[in-house]
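There are two complexes below, and they share subunit A, which is joined by subunit B in the first and by subunit C in the second.
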Partner chain A sequence: MGSLLEVRNLKTRFYTQGREIHAVDGVSFDIQVGETLAIVGESGCGKSVTALSLLSLIPWPPGRIIDGEVWFLGENILDFDAERMRRIRGKEISMIFQEPMTSLNPILSIGRQLTETVMAHSDGGQRAAHARAVEMLAKVGIPEPARRMTQYPHQFSGGMRQRVMIAMALICSPKLILADEPTTALDVTIQAQILALMKALSVETGVSVVLITHNLGIVARYADRVNVMYAGRIVEQGVARAIYAHPRHPYTSGLIASVPRMNEPRGRQRLVPIEGQPPDLGALGAGCRFYPRCKYRREPCRTNDPPLREVEPGHWSACLLTDLEFDPAAGS
Partner chain B sequence: MLRYVIRRVLLMIPTLLGVAVLIFILMRLIPGDIVEIRFAGEGGGVTEEMMAQERSRLGLDQSLVWQFVHWIVGIARFDFGISMWTGQPISYEIGLRFGLSLQIAIMATLLATLLAIPLGTLSALKQDTLIDYAVRVFSIAGLATPSFWLGILMILGFLIFFQWMPPIRYTPIWVDPVANLTQLIWPALATGYRYSAVATRMTRSAVLEVLREDHVRTARAKGLRERIVLVRHAVKNALLPIITVIGLEFAFLLGGLVVTEQVFNLNGIGLLFVKAVGNHDYTMVQALVMLVAMVFIVTNLVVDILYAWIDPRVYYR
Partner chain C sequence: MNATQMASPAQAQPVLLDVADLRVHFPVSQGIVFRRRTGTVKAVDGISFSIRRGETLGLVGESGCGKTTTGRCILRLTPSSAGSIRFEGRELGALSHRALIAVRRKIQVIFQDPYSSLNPRMTIGQIVGEGPAVHRLTRNARQTEARVRELLGLTGLADDVYGRYPHELSGGQRQRVGIARALSMNPMFIVCDEAVSALDVSIQAQIINLLETLQREFGLTYLFISHDLAVVRHISDRVAVMYLGKIMELAGSGELYDHPRHPYTQALLSVVPIPDPDVESRREPLLLQGEVPSPLNPPGGCVFHPRCPLATDICRRVVPVFRDIAAGHQVACHHV
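And then the complex of A and B:
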């Protein structure tokens, strides 16, 4: 397995009301062929902006990618002009959005929205596109796909719409799918179905998936590796299971402690929230961004913003504390 | 859908009946009647007897209920009666002018639509740039400029710089299109400017709103060409409020172009309307009001049908 996509020092800023918001501030990570990489963090930490930046979908104004590289198949796609970028979108890298209710065009038929994606990236005719669309709808588990092609989004339930979105994302056989909180807007029972479907399709087609979520339960179950983001930075990076079992950054351990565990008796374990609010991304200080909320903070953390360092092979953490000093059990 | 249209057409009957009652009563409430106005110029030689005779000739001595029923029964048979002032059949008087007013309204609508949708879209796309400001100045100016005043400027301009005036005689377009257009293009421009200003502003705000919607981002993420994103996913979705405005303005143009018609010396419906009101020409005013009401209702119906055609979520039964 090799790297499919390499992100290097990505910086995206938003300029609103005379302020400069450091939404994504120097993010680097790799995506391997066929893997599912999760990006986790609370609202506003820059996970969605990271995904949108990969496809240059940040609307200007107010946002702009000011620095960084995104290497895909040996080329830095951030250098691409609009037309070359367009040919990447939906063809090589496609995206699934959070809100299936609003992410489809309400006045175009499902069939049209599927076939236009095919037509934008191939010279094949309408008929071939139509056949491909029906095939994809069947593949994502939509009954009577040929009949559903002529229907409109309002005639589909939320879960069915998200299936349509998945079909749309996969229709050109992309190498990478960016799934931005694909199940957040759905019922819990539907969430499991959709995630299982995505997992099955990614195994079947070998597509890599970036799964953006704030739900650690999803990470544990569906992701191979994880990036934990906080305030525009990646604070911890590594194999999902290792991070879940043994977090090395106080923020990650705080996140894990704030999630209920179904395998422990009720009442045995209390949920521990992370106190405080994320910092204002328009007015960042010199020190660690997690400093004000950190239970393990020390004097040097106030002035030093630690970079990611490898704490064990394949496991990176942006914290000054060594393994011995950091004991999640002692903190709770 | 067909059932819906049939029901809407049937619903026109009570609406028009309401309009008929209202305008009938309003006309009789205006002090003075057509006979007094007709004889006002004759000086002192008019006797009560002559006036009574004239009233009975026009049927004004009958009871109001009888007059109303007589009029409505006529309308039901598409017989609008005879103008009390000129003595000509009303259908003839209106027919003489309706073509001209309709043509100006259609031309102004075409002009406004063809100008407003591209301009408004461009303005939305280039929000807060020089292009946007230019379009906004253009449309604010259009809103602030009365069309008759623009018409006067046009005519003065032609006279001073080209020693030319648009022809005064109306030629139907099927007789001589060139002569027809050289006369009617100017009032259509004068009214179309304001009209397009209204529609441009509506287009700009509607497109701006749609461009912020999630599905436009999806369309871009799918790798569609920008032109397709714009036309198929933004402008088409923004059309509903735009066609509402266009429909309302169109209906207004058919009856409301009084001063502009006067400026361009056009013998249109607006002028006929004002003269008829001034003369207390009951039957003529009533017929014209019914006509304008009809135009509004039909335009609204067409707009509603267009809604359903554009937006599949709109379904009438």
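And then the complex of A and C:
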């Protein structure tokens, strides 16, 4: 396995009302061939902006990628012009959004939207594109695919629309799918169907998946590796099991402690919230971004902004504290 | 301390709210000039449960199962079609307008979305102070202000929030304002309708803890409506699982999550991912086939039968009775 995509020092800012919002502020990670990488974090941490930045989908105004590189198949795709970027989107890298109703065109039939995608990226004719679209609808579990091709998005349920989005994302056999909260709008039984489908298809086709979510349970079930984001930065990075078993950043451990778990003995144990709220990304101080909310903070944390460092092979954390100073069991 | 010990004080308490065979049917009509009734959506179709004083009853289910309608019915925001809702032994539907106003003070609500449930043109002080002033719980403006400031403190808000507007606050702060507003009426009973669902997990935990603290302090009774099964398990003494307008299973929280008996409950619990990769690698979700049918045209017999792995002929023909299978554990299934 090798790296499919490498992100280096990505910085995306938004300029609104005379303020400069550091939405993504120096993010680096890579995606291996065939893996599912989760980006987890709370609202406003920059996880969606990271995904949009990879495909140069940041609207200007108000947003702009001001620095960084995204290496894909040996080329920095952030240097691409609009035309070359269009050839990547949907063909090599595709995206699944949270709300399929807003990402499907309401006045075009599902079949038209699927065949359009195929024909934009291949030389085959209408007939081949139609056959491919029917095949994909069947593959994502839509009954009577040929008949459904003629229908419009409003004739599909939420779960079925998300299946259509997955079909559209996979129809050109991409190497990477960016799935931004793909099941957040769905009920849990449908969520389970959709995620199981995505997992099966990724195993079958070998496509890499970036799974962006706020749900720690979904990450635990589906991700191989995890990036934990906070206030525009990756604060912890590593294999999912290692991160859950032994989080090395106080934010990650706080996040895990704040969710109720169905497998724990139910003795009305108190949840341990992270006090306070995330910082204003337009007025960041010099020190660690998590400093105001951190239970383990020390004086140096107030002024030193810690970079990611490798705390054990393949496990990175952006915290000044050593493992001995930071012990979740002792802190709570 | 185990769950049954914790639940016992509430069990000794009298029943505060008793819902019996509640039905809420919405007519569906077509045509613009000649409107004709073409069907009925049975949003809530014959549910019964009771809540004791000081207890939290969780109400879970997927979208469209009728959980929110049930809450709105108890608040008298949606009229019921049949059945009874008794609060402190009195039938809410039979109360005069005047008596209902007095009861309404005791029954409050916290909504999901603190953005749309707070008036953007009013300051926080006005929002929280409106109820006590209208219901004359405070005698003059000075008393109202003192009461509001006390409530802000109780819900963990800084005192300077008093003169601010909702848009100046974060989502978590706004939800605290919603809680302060509910508390301002000295209620006995609060319907929490997806009260923590819109919040980030670190903030969600703050609000859940606040709700628990206030419950202990003021002896509050909660109907906690949510689609989040892990949160419901954490906060509830007992839990009712709804599907297509009916309660499928109702039991003590520990019992329901450890020994679910209804096939729908079993499937629902199995698909909720647990935030632990080691645990997850050993679990196998029971994937339900298909989707929730339209409540406009619900299946005959047991409403769950088209998706049920255990369904047999009787399930297609006969509506299962919601019955006791053990003390405090009720299920509506032919195969349990």
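The rule is simple: the second predicted complex is superposed on the first by the 330 of 332 C-alpha atoms of A that agree within 3 Å, B and C clash if a C-alpha of one lies under 4 Å from a C-alpha of the other, contacts with A are read in each partner's own complex, and residues count from 1 in each chain.
The criterion applied here is as follows: contacts are C-beta pairs under 8 Å (C-beta built on N, C-alpha and C of every residue); 3 or more make two chains touch, one makes a residue touch a chain.
What you are looking at is a predicted structure, and each value in this text was computed from that prediction instead of being measured.
Within the superposed three-chain model, A:254 lies in touch with subunit C and out of touch with subunit B [touch as defined at top].
With both structures placed on the common chain, the touch criterion links A:16 to neither subunit B nor subunit C. Looking at the shared chain after the overlay, A:275 reaches subunit C, while subunit B stays out of its contact range. Once the two complexes are overlaid on the shared chain, A:219 sits against subunit C while remaining clear of subunit B. Once chain A of one complex is fitted onto chain A of the other, the partner contacts of A:76 are absent, as it touches neither subunit B nor subunit C.
In the superposed model, A:42 makes contact with subunit C only, not with subunit B. Contacts of A:102 after superposition: subunit B is touched, whereas subunit C is not reached.
Annotation for subunit A, partner touching more residues between subunit B and subunit C: C.
No residue of subunit A is contacted both by subunit B in one complex and by subunit C in the other. Taken together, the subunit B residues at the contact with subunit A in this complex read 128, 213-215, 217-226, 228, 232-233, 236-237, 310-313.
Interface residues of subunit C, counted against subunit A in their complex, comprise 1-3, 6, 62-63, 170-172, 200-206, 208-209, 212, 227, 229-231, 233-234, 253-254, 257, 267-269, 271-280, 285, 287-288, 291-292. Of all residues in subunit A, only 55, 57, 61, 82, 86-91, 94-95, 97, 99, 102-109, 116-117, 120-121, 152, 154, 165, 168 touch subunit B in the complex they form.
By the touch criterion stated above, subunit A contacts subunit C in their complex at residues 42-43, 157, 159-160, 187-193, 196, 214-222, 240-241, 244-245, 254-256, 258-263, 265-268, 270-275, 277.
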